[in-house]
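Multiple structures are listed underneath, in structure tokens.
Each of the next two complexes has chain A plus one other chain: chain B in the first, chain C in the second.
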Partner chain A sequence: MIVIHSQQDESTTDDVLDWLYYFGMEQVKRVNGTNPINAKALRINNHTQHSNLFDDAESSAINAYWYRRGHLACEISEPIKLGYSGFVTYFEKEYDHLTKGISQVFKQYRNINSFEDTGTNKLTNLAVAAGVDLLIPDTLVTADVKAIKAFSAIYPRIITKAIGHNRITATIDDNSYINIAVDTAIFDQDKINALPEENNFLPAVFQEYLEKKYELRIFYFHGQVYSMAIFSQLNEATKVDFRKHDTETPNRCVPYQLPEDIEKKLGRFMQHIAMNSGSIDMVVTPSGEHVFLEVNPVGQLQWLSANCNYPIEREIAKFLLHDS
Partner chain B sequence: MDYFLLYSNCVLVKGAHRATLCDLQKGAVYFIPKPLADLFLEDQAVDLVQLREKTEGDMVLFLMEIIDSLVENQLGFYTNQQEWKRFPALNKEWLFPAHISHCILDTATGRLDYFTESFVEQLSKLCCNFVQLRFFGIPPIEHLENILRLITGSQIKSVEILMPWNTAYESGCTYGKWINDYKKISSLVCWGAPSTCVVKEGARAMGYLLYTSEQINAATHCGIIDQGMFSTNITTYTESLNFNSCLNRKISIDIQGDVKNCPSMKESYGNIGDTTLVEAIGKPGFKKYWNITKDQVSICKDCEFRHVCTDCRAYLEDPGDVYSKPLKCGYDPYICEWAEWSTHPLKQKGINFYGLEKPAF
Partner chain C sequence: MIARSESERQKTINEFLDWLDAHRENLPVNAATWTFQYIEQQAVPEHELVSLGKYNARKAASISFYKPYSKICKF
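Right, the complex of A and B next:
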């Protein structure tokens, strides 16, 4: 039995499933994060760890586990939500803790990622990357305007981004909410100058703006490395952040061969942060330096495999089948 | 910057008289004159120093201008030998997880009575996710909706439907309703319509409703090679490098219920009434055309369009030669000109052989 934790309509999961079926595997359990875990049990004792999280799948029958994306749903009852809204945060924290625990249990199987990976910390990751001698952009995390001004004086341009979460769902009232994207943006010098020094705001990340020859998207997967160069500089819309897709004139995306030493350092980095699979973003500067930006455990893969004709989905399937 | 390097998903395909540059990422085809095509190293890069040294005066300027325009059109970039190493050629594997990729079902009556739950199960076992239904007679509404419901609940990802246009369905808004209700329809083509038009524009290759005034009333309509059928993408390109670009992993059932690799071919591998799809595929000969690549087909192998083109082994210019050029292709790669195949003197032998004397269009 192969267990896949994903979301509905997640296309990479669909593609991997096609390969699994092609290889004749039918014992696949896909959980789309919609199963409430309220009715599930996790038993821990000296003999066996048992969970009936995946219904008919006995833990002992599970051969491989892939955490692709998504959460496990938790159901908080209406009376609690309406009458004791102050408790909701507590409920959510408890559910979160349980989900992480379950995720750990599933790590005992042959696995690709775990739910815990989604909590990876971009700041500590930068420190770990620097620790394995990967180049990283000079980074300041603060809300202190004086520090920001001093930092911006060192570099021709700086950028700003969120520390950990780049999507906000902001509740307006009971019936409506808005989604806000907190994307990477250039922080203009005149805006920095205009900041009143007594300002009090949320700490954020400030980084030197890197001139790019091209950007790299690298899929690391149990020691295998698939790299793609993105020529984002040909296009004004994607110059700062290639994720701001331009569907009219898509960026040129082609296979890239990382220098051997960079590949080794990325391998060491992933071992240090104990993540067996992830999508790594890097920048190649005009002088040819490779600079590490971040790793995303649940990144887009189709984009790489489709543009570079990499057999990523097939290799994931083979890994889950113990065939690699 | 002493090299010009193509982006690796822009591939050079050399023909007898010129080459094409196929942009597999953006789906466009450009022409490259032979003198420039011949300068490419490993079909990837041009050594600009060598170009200047080995080419005669005016030609240097001409070729450099073309290269400049290729850079401007974002098909390649200037680089050095060091950097070239970082940009490997595209992986040439055809990555398609299916024992059968496409299934074509023909019917003269408008009924496909074998299309049941167990038939869908057979397709599922073969990982066949793309189906084409060709109705040469009007399908009863209830019957087709039954089929579409089965498809909705199955692993099939998309279905293309061809059927005769008729006034009753038109005035009953039946076509539009099907497109709206059944999201797995990639296109519904109604032939024999009063005019040719796109009735409903789909999105992302799904949900198209098209009318054509053409008469698509028999399997003999297949096999036409035309620039409109070119598809410039990695899947087509890699399949054509490794397999036959029409027949590989295809299965079909003709109007008699005979299971074939292609409905236009004579060879039958059993009738769907008493043969399973897996049994038919397992019979000797079913896959005999699957490995005939364009690089092996005479004339096609000299054609600059060969890796964006489809193929046809059902109708051949020389019916006696399995490696013969498709009969219904009017392109001559030696002079780079298209001609009408059906009136071409050299095609008459093949046209007579297949009984195609009176094309219905």
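Right, the complex of A and C next:
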């Protein structure tokens, strides 16, 4: 049996399932959304390790596992949440360990990623990328205004971004909320000068602004790379961050052949962070340098396969079938 | 659910921005670059979701005239 952990409206999962059915595989269990682990079991001894996380998908019958999207969660009751705050902190840390443990168990099967990969750290990933000789942007993480001013004096422009998560949901009531986007943005001198030096700020990421010839989205999958160039620089909406899609005049996206040495370095990088699948963002500078930005374990795939005619979904299906 | 009027939306956003300004020095140092969008949840009723049978998928929207790749090409 193949187990796929996804979301009910996740389209890439549909395409991969379509290929699995085309190849004659019927033993597939797709599990959608958040999976509560409260009443699940993790068994570990000298002979076996397994979890019954996916109910009727007997772990002994699982041949392959794909973590596409969705969550594992331990639900803590409201009375406990409203009680002593230290309790919740303890329980969240405690059950985070369990979640990671269950996640590791599913790595013993032929797998594509695991839930644990959603916790990949963008800062340590930059350090790892530099360690395998990929170019990275000069990066400063701080709340120290003096340090930001000194950093901004080195470069013509700097950008800022979130440390790890680029969305905040500020709940207004049951039916409405304010969506706060912490996207990559230019941090200009006006904003820097407006910061009081005596403060109690929380840290953020600052990086040198890179002039771009074009941007790259690269899907890495068990040693294979599928690369796409995105011409984002002629559109003001996408110039700083191509993820701010302009649906009226979408960026031109074409297949791209990475230099062999960059492919090898990306392979070493993915091995170092122990992730077998991920969507990598890079930029190519006007002088032709390839600069690594980040890797997303659950990135969008359809626009890559559709724009470049890459058989990504088919290859994922073949991998799950032990046919690659 | 009754949709809020534009003035109600703007009032809510303004209250939120005032709160942000009051706490600016306790927020991340780059909070001045954040952008905001007021969202009213419009949950699609269960009966309006399209179910894709054995795919175990339920969708509010899909690609027009979707045809699986495996039905388009013969490999």
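The working rule: the second predicted complex is superposed on the first by the 292 of 324 C-alpha atoms of A that agree within 3 Å, B and C clash if a C-alpha of one lies under 4 Å from a C-alpha of the other, contacts with A are read in each partner's own complex, and residues count from 1 in each chain.
In the analysis below, a contact is a pair of C-beta atoms (placed from the backbone, for glycine too) under 8 Å apart; a residue touches a chain by one contact, two chains touch by 3 or more.
Everything numeric here is computed off the predicted structure, so don't read it as measured data.
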Contacts of A:22 with chain B and chain C, given as first, second, both or neither: both
Contacts of A:43 with chain B and chain C, given as first, second, both or neither: neither
Touching partner for A:97 - first (chain B), second (chain C), both, neither: neither
Partner chain(s) touched by A:314 [first = chain B, second = chain C, both, neither]: both
Which superposed partner A:181 touches (first chain B, second chain C, both, neither): second
Which partner, chain B or chain C, touches more chain A residues: C
Touched partner set for A:30, first chain B, second chain C, both or neither: second
Touched partner set for A:8, first chain B, second chain C, both or neither: second
Touched partner set for A:191, first chain B, second chain C, both or neither: second
Which of chain B and chain C A:81 touches, first, second, both or neither: neither
Residues of chain A contacting chain B in one complex and chain C in the other: 15, 18-19, 21-22, 313-314
Footprint of chain C on chain A - complex, ascending: 8-11, 13-15, 17-19, 21-22, 30, 32, 142-143, 145, 148, 160-162, 168, 170, 172, 175-183, 185-187, 191, 194-196, 199-206, 313-314
Residues of chain C touching chain A in the complex: 1, 4, 12-13, 16, 25-30, 32-41, 52, 54-60, 62-63, 68-70, 75
Contact set on chain B toward chain A in their complex: 7-9, 25-26, 74, 77, 83, 85-93, 95, 97-99, 127, 129, 155, 234, 238
Partner chain B, residues of chain A touching it in the complex: 15, 18-19, 21-22, 229, 231, 234, 250, 252-259, 288, 305-311, 313-314
